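Below is one structure, written out as structure tokens, with a few remarks after it.
Chain naming follows the written order as A, B, C, D, E, F, G and H, and within any one chain the residues start at number 1.
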Amino acid sequence: MNPSILESLLKSVQTGSTSIANALEQLRTLPYEDLGFAKLDHHRTLRHGSPEVILCEGKTEKQIVTLTRGLLKHKQPVLATRADPSVARALKRVSRKAVYHQSARVVVIQPSAPNPLQGDIVIVTAGTADIPVAEEAKVTAMTMGSAVETIFDVGVAGVHRLFDQVDRLQRARVVIVVAGMDGVLPSVVGGLVQTPLIAVPTSRGYGAHFGGLAPLLTMLNTCSGGIGVVNIDNGFGAGHLAHRINALVDRP
Amino acid sequence: MNPSILESLLKSVQTGSTSIANALEQLRTLPYEDLGFAKLDHHRTLRHGSPEVILCEGKTEKQIVTLTRGLLKHKQPVLATRADPSVARALKRVSRKAVYHQSARVVVIQPSAPNPLQGDIVIVTAGTADIPVAEEAKVTAMTMGSAVETIFDVGVAGVHRLFDQVDRLQRARVVIVVAGMDGVLPSVVGGLVQTPLIAVPTSRGYGAHFGGLAPLLTMLNTCSGGIGVVNIDNGFGAGHLAHRINALVDRP
Amino acid sequence: MNPSILESLLKSVQTGSTSIANALEQLRTLPYEDLGFAKLDHHRTLRHGSPEVILCEGKTEKQIVTLTRGLLKHKQPVLATRADPSVARALKRVSRKAVYHQSARVVVIQPSAPNPLQGDIVIVTAGTADIPVAEEAKVTAMTMGSAVETIFDVGVAGVHRLFDQVDRLQRARVVIVVAGMDGVLPSVVGGLVQTPLIAVPTSRGYGAHFGGLAPLLTMLNTCSGGIGVVNIDNGFGAGHLAHRINALVDRP
Amino acid sequence: MNPSILESLLKSVQTGSTSIANALEQLRTLPYEDLGFAKLDHHRTLRHGSPEVILCEGKTEKQIVTLTRGLLKHKQPVLATRADPSVARALKRVSRKAVYHQSARVVVIQPSAPNPLQGDIVIVTAGTADIPVAEEAKVTAMTMGSAVETIFDVGVAGVHRLFDQVDRLQRARVVIVVAGMDGVLPSVVGGLVQTPLIAVPTSRGYGAHFGGLAPLLTMLNTCSGGIGVVNIDNGFGAGHLAHRINALVDRP
Amino acid sequence: MNPSILESLLKSVQTGSTSIANALEQLRTLPYEDLGFAKLDHHRTLRHGSPEVILCEGKTEKQIVTLTRGLLKHKQPVLATRADPSVARALKRVSRKAVYHQSARVVVIQPSAPNPLQGDIVIVTAGTADIPVAEEAKVTAMTMGSAVETIFDVGVAGVHRLFDQVDRLQRARVVIVVAGMDGVLPSVVGGLVQTPLIAVPTSRGYGAHFGGLAPLLTMLNTCSGGIGVVNIDNGFGAGHLAHRINALVDRP
Amino acid sequence: MNPSILESLLKSVQTGSTSIANALEQLRTLPYEDLGFAKLDHHRTLRHGSPEVILCEGKTEKQIVTLTRGLLKHKQPVLATRADPSVARALKRVSRKAVYHQSARVVVIQPSAPNPLQGDIVIVTAGTADIPVAEEAKVTAMTMGSAVETIFDVGVAGVHRLFDQVDRLQRARVVIVVAGMDGVLPSVVGGLVQTPLIAVPTSRGYGAHFGGLAPLLTMLNTCSGGIGVVNIDNGFGAGHLAHRINALVDRP
Amino acid sequence: MNPSILESLLKSVQTGSTSIANALEQLRTLPYEDLGFAKLDHHRTLRHGSPEVILCEGKTEKQIVTLTRGLLKHKQPVLATRADPSVARALKRVSRKAVYHQSARVVVIQPSAPNPLQGDIVIVTAGTADIPVAEEAKVTAMTMGSAVETIFDVGVAGVHRLFDQVDRLQRARVVIVVAGMDGVLPSVVGGLVQTPLIAVPTSRGYGAHFGGLAPLLTMLNTCSGGIGVVNIDNGFGAGHLAHRINALVDRP
Amino acid sequence: MNPSILESLLKSVQTGSTSIANALEQLRTLPYEDLGFAKLDHHRTLRHGSPEVILCEGKTEKQIVTLTRGLLKHKQPVLATRADPSVARALKRVSRKAVYHQSARVVVIQPSAPNPLQGDIVIVTAGTADIPVAEEAKVTAMTMGSAVETIFDVGVAGVHRLFDQVDRLQRARVVIVVAGMDGVLPSVVGGLVQTPLIAVPTSRGYGAHFGGLAPLLTMLNTCSGGIGVVNIDNGFGAGHLAHRINALVDRP
């Protein structure tokens, strides 16, 4: 319901030209969602600086450009994930502020920097090939205002590399662990630290890996407590959740 | 929002004790869901006679009784599915009007009969063992007000039994086909009739049947157009959808 | 059996040149399917205007052209689904009336317009990437004679967008909900409206989406009653079923 | 064991230069597999005319040529399945007798025609897109010596097309039914005929078809008795089994 | 259509009391399936002696008894599979001729012995635990008129036990191989004999056996040609198909 | 390495009875894990009050009692999950402080209450049958020191029930959403609140639910950001992660 | 071939009553498997002491007793796995030497102790509930002659417990790692030791564990090299393979 | 911990400038993994000659080159698996010693030859298309120091080819069996030999092969004891495990 319509209704009640019973009836059948939701949505962006997200996969370049233009018109930041170089070029033509994170395949357009948070997030990967997913998580969380540090290639085949990092991990507010293949790294990290841990299985692997099913099941069945799992290759989801947790601490 | 609260607000606008700006603010932040939803819900039951449904599986007998008592207090009809004999006995102690359809495993309590619809629904089963699922569909649709006829055991292994029924099927407003094993019956029926058809896979079968997965996939991949599929053994869902379609025709 | 052959047989019975016993034998061994089926088929097309459908995937261009020519020779309308631009060009060479719906990947050739129905179908999509499947449903139902309206991008991540549309959905005779990713939209819509609802999972998604298995299972397990599910990406099947239901209401 | 070695041993027993106990010991430790197997293999080809089969998928062109040359050197017929046009060209360079069945993707090289059998095999397909698999079965069985007839496109969506063929099917020694999508055709045919029936699921389909899993499960769960199933798209296996059954009847 | 009704119609054409046009109309709308199908069905039983089959699983004891009574009234033989001892006792009360094959879990009631066939079927099992499935196949084929011999426990872990049987297998008209666990036996037998071979996976196994999925996949992917597969534990289906093949040879 | 052993070594270096090179060698080969880990573990329990967890499923009653006695000897709290009434009775015999939460199937033994945290966790369930899993999460988090509130039965079939709770959810530090069937509730809640959200699929459902696979996939594929998923029925894991996040805010 | 038959043949060659050509023919068609296999089999047992194995699951008690009696008559040791207490009692009645390992569910009957090997096998379990599988492996390997040591409950949730054991593991000839739940332990152990490692997934777990599928996939996808995997819960297979490797070292 | 730092600490204890209590504290908090792990790692390479492995799939060419340069700087051998020709060319530019095994898709760079072992490994393949996986296993084991022999194309369809090789297999220290399609070869070989056996399923196959799932399940469910399975197409893992076993025998 448009506020001006509501205002008119109230005025006509005030002046007596609409009876209370009649106004009651009109209010009862108002599309309720116009009352508060849009405002709530607006507040959300202002308060958290979390940008609207465009998952580019499955959309035409034209659709992506239109969506981006719409967001920019309302001064909203843009986070376009799964963007190939061609999409990135198109968005750079839309806005000079567009930055393409190639390994993460993410385009970011931020009219203004988000308020930085005090704590930080550490992202750990098991292998080199998991880095793109970790980068997607990193760009997501940083665009939302979190500080992020990455530690790559500390898989359990050489578990001592991980142990060097335990103190660093323990100091983070949130730890994201990205792993393909057997996906065992989150279980091991979960046995070492007390921070909330987000596990991200990746599609890196072959054979009985089934496109990431293997590490996904490993992580869901972990014996180490305190681990939340996101979808295979879902760096964005991990970065988003990590930021939510990080933002929680600074919430007034 | 309680209507009386809303009425008070409007009155205070009328008398001038609340300014329009202030009333606008209060309305904007009202819990929207209190405005219309409950009323809508109320209307729904009155208009369609569709009872609230209690899926007994996974609930304690005590919970089922409490839910039933709550519904009856508001004069609402009750449809309790997947009810074993012990639950049925308990509900009969709650209300004398409780009727237990044993094969369907459904308890129905109807304070008053629903308005009968003119058209009817025909339910076909491939085998004898599919009958309980068909009965669940039948009781569901009848309790909601539809007339239902059943034709059992016309599987394609003796396809001529089916052909005798084509005219009967064609005259129905909706046809429900219930089949376990290979689940091919809906495809064959769908090639013979023009009525909307609802396919229900059942868990009847063994081996590579995987609890109903085989007929479910058969039905989803049917080459015959105009078929909607519901969950394995979901007689209730099929009966509900069939009634919705049947009711549509009589909608003023 | 050709009616003229049957006529000759009856005449020779009438004139006595064929004995009753002999005629009985001939009738008993007639290919029964020639008696009524072909005629029934013929009636079907005339009555409903539902075109023969060619699923182009898996067929050679040459096969598609031959099938189309055969249908046109009998003045039947053509609906060629999953048609890529090259197939579309080939069919335009076959008939000037061929229209290519690019997003839907459907070619339609209609010698004459179907009788329009009074009620209408509303198709809702959860995301932008679900639009092609929705368009396939739309073109299918419209070619058969239904009026169709589409509402795109009302996924539950911003659930207020959906609530604005509840009245519109409630007025439709049938609602089709198309959703990839988690496929939750049909469950939410099903809780809001009383019209028959057809749910179409799409292959849009990644990771543990498994090519549409995830939203398919979501829809089959919905707690909201009255929902029929079709195969992943099966816009045609949804459009066909929706039209069958819509046509039911106008059936004399 | 080389026959000449065995002959020497027997001679030395005959002449007394080897004692019976010693000969017994030598025979006992002979590599048994050299006694009879190779001869058996040789007999097999001569008696049945069944060619050695080369599954081209997964082999290099060079390997395929080498295998073919080896077979031809021993005057053995060649049946190369899953052969793309490039392989076909290479084999035509190896032998002028090479014939490429393009739709079946099979290359046949037969030094001499096999003894023809008296009965025949009928191959039925549900749809146009199943034809390549049916052709693979046909070429296989014909190359082995069976007569084969094909009936295409008699899916159950227009079930009367099938009923016209019941007598023809009943006269065949073996019926092969090839079907993708929902795979219901073998169940329907199995309810109509008494001949041994071989069902071949194909990968034709989409969505919850899962590359042929859907029709495979349908066929394995058929309610119609007397049906044997082969792997998805395995036209070769079906043709081979059909020929074995056909050959059985003419076995002296 | 009842023949006497047809006769009356023809007579009234002969006498002129029904016009040809009117008779034509009546014939056109006759339920075609009454013309030939029932007769065909009747012939089928007389000619082959194949009994009607009752799959007891999923049926109530009362339903099984009713079905049995119905068959016996028409002098038809009965084959009730998956019958537990309680069902067997009930059927023995229905007919003194009822025989319970306990390991096979099959009840047979045969008013008269079927015509014996000349060739025979050999059934091989990999392990002791596969015997019940083999027995179901044996009872099925024998009840239909085939001679059957069984060879138990010749799994490949001691492959020499199998080789002793090659000649015996080669002499059979059909070989059925029943195997659980890894299901490799049909592949090995298929490399040794030239007879048609039916492979039956069983649910015997544990862990990654998944209720018989493992041997089912093994058998479907066999490199040995000429093998047809039936559902997991489907001894009935294997016996039925084997008998069909066996009967084919003796077909006049 | 026992500290006293290390002390002796250092003393002998100090006194010169061990050379530096020799001490270096001894230190290099020390079992490193004895240096710090055990102490770390000890600290962990003291600082966070998180009890050692015993998953009772798969353990004998005797083993559970022994493990419990061991923990109590070191004054550690005990959280025994998946404990049936018989186990509960056994543990009550071990300690009077044992409390059995029957619906949650958890036994808790806490020598002293944990330090309470300021923020709280809200647990929401879609249906009545999801309550036991929610209770496991609740008992887990409360035993660790978090305040927990539960809101039961707010599934999307009656979505207005959920909207009444949005403000309450928004005020929580962490929201846990427990849902079986289609598992859509977390997606809807995730679109309404900004707090970190943990989704728990349950095994409640039937048919194509596959023991919780359906809601698990729904939750992993959610379009709503900021959601971490735990294993099916893993109330403990959800409660543990929620507490970790809650504890993070109060971390000095 | 019976040796006495072979002897007669050779004698008739010696005496000249059978020609060499004729003897050659007879030998060529001898069932080769009777020549050497049985002897080979006999040798095998004598040399390695590996007993014949009876998998009791799926066999009747009567069958198990008969098989056991047969083995004992030939002085062969017996290893009966998956034996419930009732089977154990039956075998104790067969032989006083029968020993029942209850946790392992294995009955062993050894006429004489096997030759002990010098090296040993270490079996590690992740959790308490994995012990029965580990015990099956232990009893198997010990019955065959290997020395075995077990280390229970060193899962990665408390990874320091594992590190205390690295030296012990490194000294073993073979390490078996048994783990349910997430199955990560073999990956971690594989990164620490250089000995051959056998991984055994167990069915311990719930939810997305799918009866052991989760740890099975984890182990197959391990990044740590040098790991062989056996079937879920297959302690026997692991013990057998470990013994084969251990025996290899002592092979002369 | 750097040894020089440790030396300084010990010196300051010796000289008295650090108290024992203080030194104890410093040692206790040392990063334990620096004490022994690196040295262990170093030893490992020197002793076994096992090279660091780079799985090229999923890594950029630039990353592979950087990793290779790092290894060569420390004089370590390099084994780069799943290397396409372009990667091979890049590594040849890095080192003249780089050798590309094209069929195996492996690049090896060995500064010096490993110590050869005395025993050997035999690798058997079922079909020609399995050769690349066998070659990966071969190159892996040979690079580590094992002698390897290969026997290709001895599938069970012609089982006599295998029996010719039994003695050869029996003499090997380890046998690797590589098989796609139905994957039955390891079961057959396992029944013939007593050596440790490693089974490798391959992705060669089609239809219900599901990318190697079929032979994987076959191998895991084998009835033949003493078989360890590795991931689909994991030639590297099989070669690595075979070498570990082979090296065990020569271990002093």
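Everything below uses one rule, namely that a residue touches a chain if its C-beta (ideal position, glycine included) is under 8 Å from a C-beta of that chain, and two chains touch if they have at least 3 such contacts.
From a predicted model like this one, the values you see are computed outputs, not experimental measurements.
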* Asked: Among the remaining chains, which ones contact both subunit A and subunit C?
  -> B, F
* Structure fact -> Interface copy of A-C among B-E, A-G or D-G, with over half of contact pairs matching by residue number, is B-E
* Work out the mean Cα position per chain and let me know which chain is farthest from subunit B. => H
* Maximum centroid distance from subunit G, chain identifier (CA atoms) -> C
* Asked: Where the centres are mean C-alpha positions, what is the separation of subunit D from subunit F, in Å?
  -> 58
* To do: Would you kindly tell me how far, in whole Å, the mean C-alpha position of subunit F lies from that of subunit A?
  => 25
* Asked: Per the centroid of Cα atoms for each chain, what is the distance between subunit B and subunit D, given in Å?
  -> 51
* To do: State, to the nearest whole Å, the distance from the C-alpha centre of subunit D to the C-alpha centre of subunit H.
  => 39
* Numbers and ranges of subunit E residues touching at least 2 other chains -> 32-33, 127, 158, 207-210, 213, 216, 220-221, 225, 231-232
* Structure fact -> Every chain pair meeting the touch definition is listed as A-B, A-C, A-F, A-G, A-H, B-C, B-D, B-E, B-F, C-D, C-E, C-F, D-E, D-G, D-H, E-G, E-H, F-G, F-H, G-H
* Asked: Can you name the residues of subunit F that touch subunit A in the complex?
  -> 44, 48, 53, 173-174, 194-198, 216, 220-222, 225-232, 236-237, 240-241, 243-245, 248-249, 251
* Contacting residues of subunit B [partner subunit E, same complex] -> 127-129, 158-160, 163-164, 167, 180, 204, 206-210
* Residue ranges of subunit D touching subunit G (in the complex, touch as defined) -> 3, 6-7, 10-11, 13-14, 16, 20, 23-24, 27-30, 32-33, 35-36, 39
* **Interface residues, subunit F side, partner subunit C - complex** => 126-127, 155-159, 181-184, 187-188, 190-192, 205, 207-210, 213-215, 217-225
* Residues of subunit B that touch subunit F when the two form their complex -> 31-34, 37-38, 41, 55, 57-59, 63, 67, 201, 203, 211-213, 216, 231-234
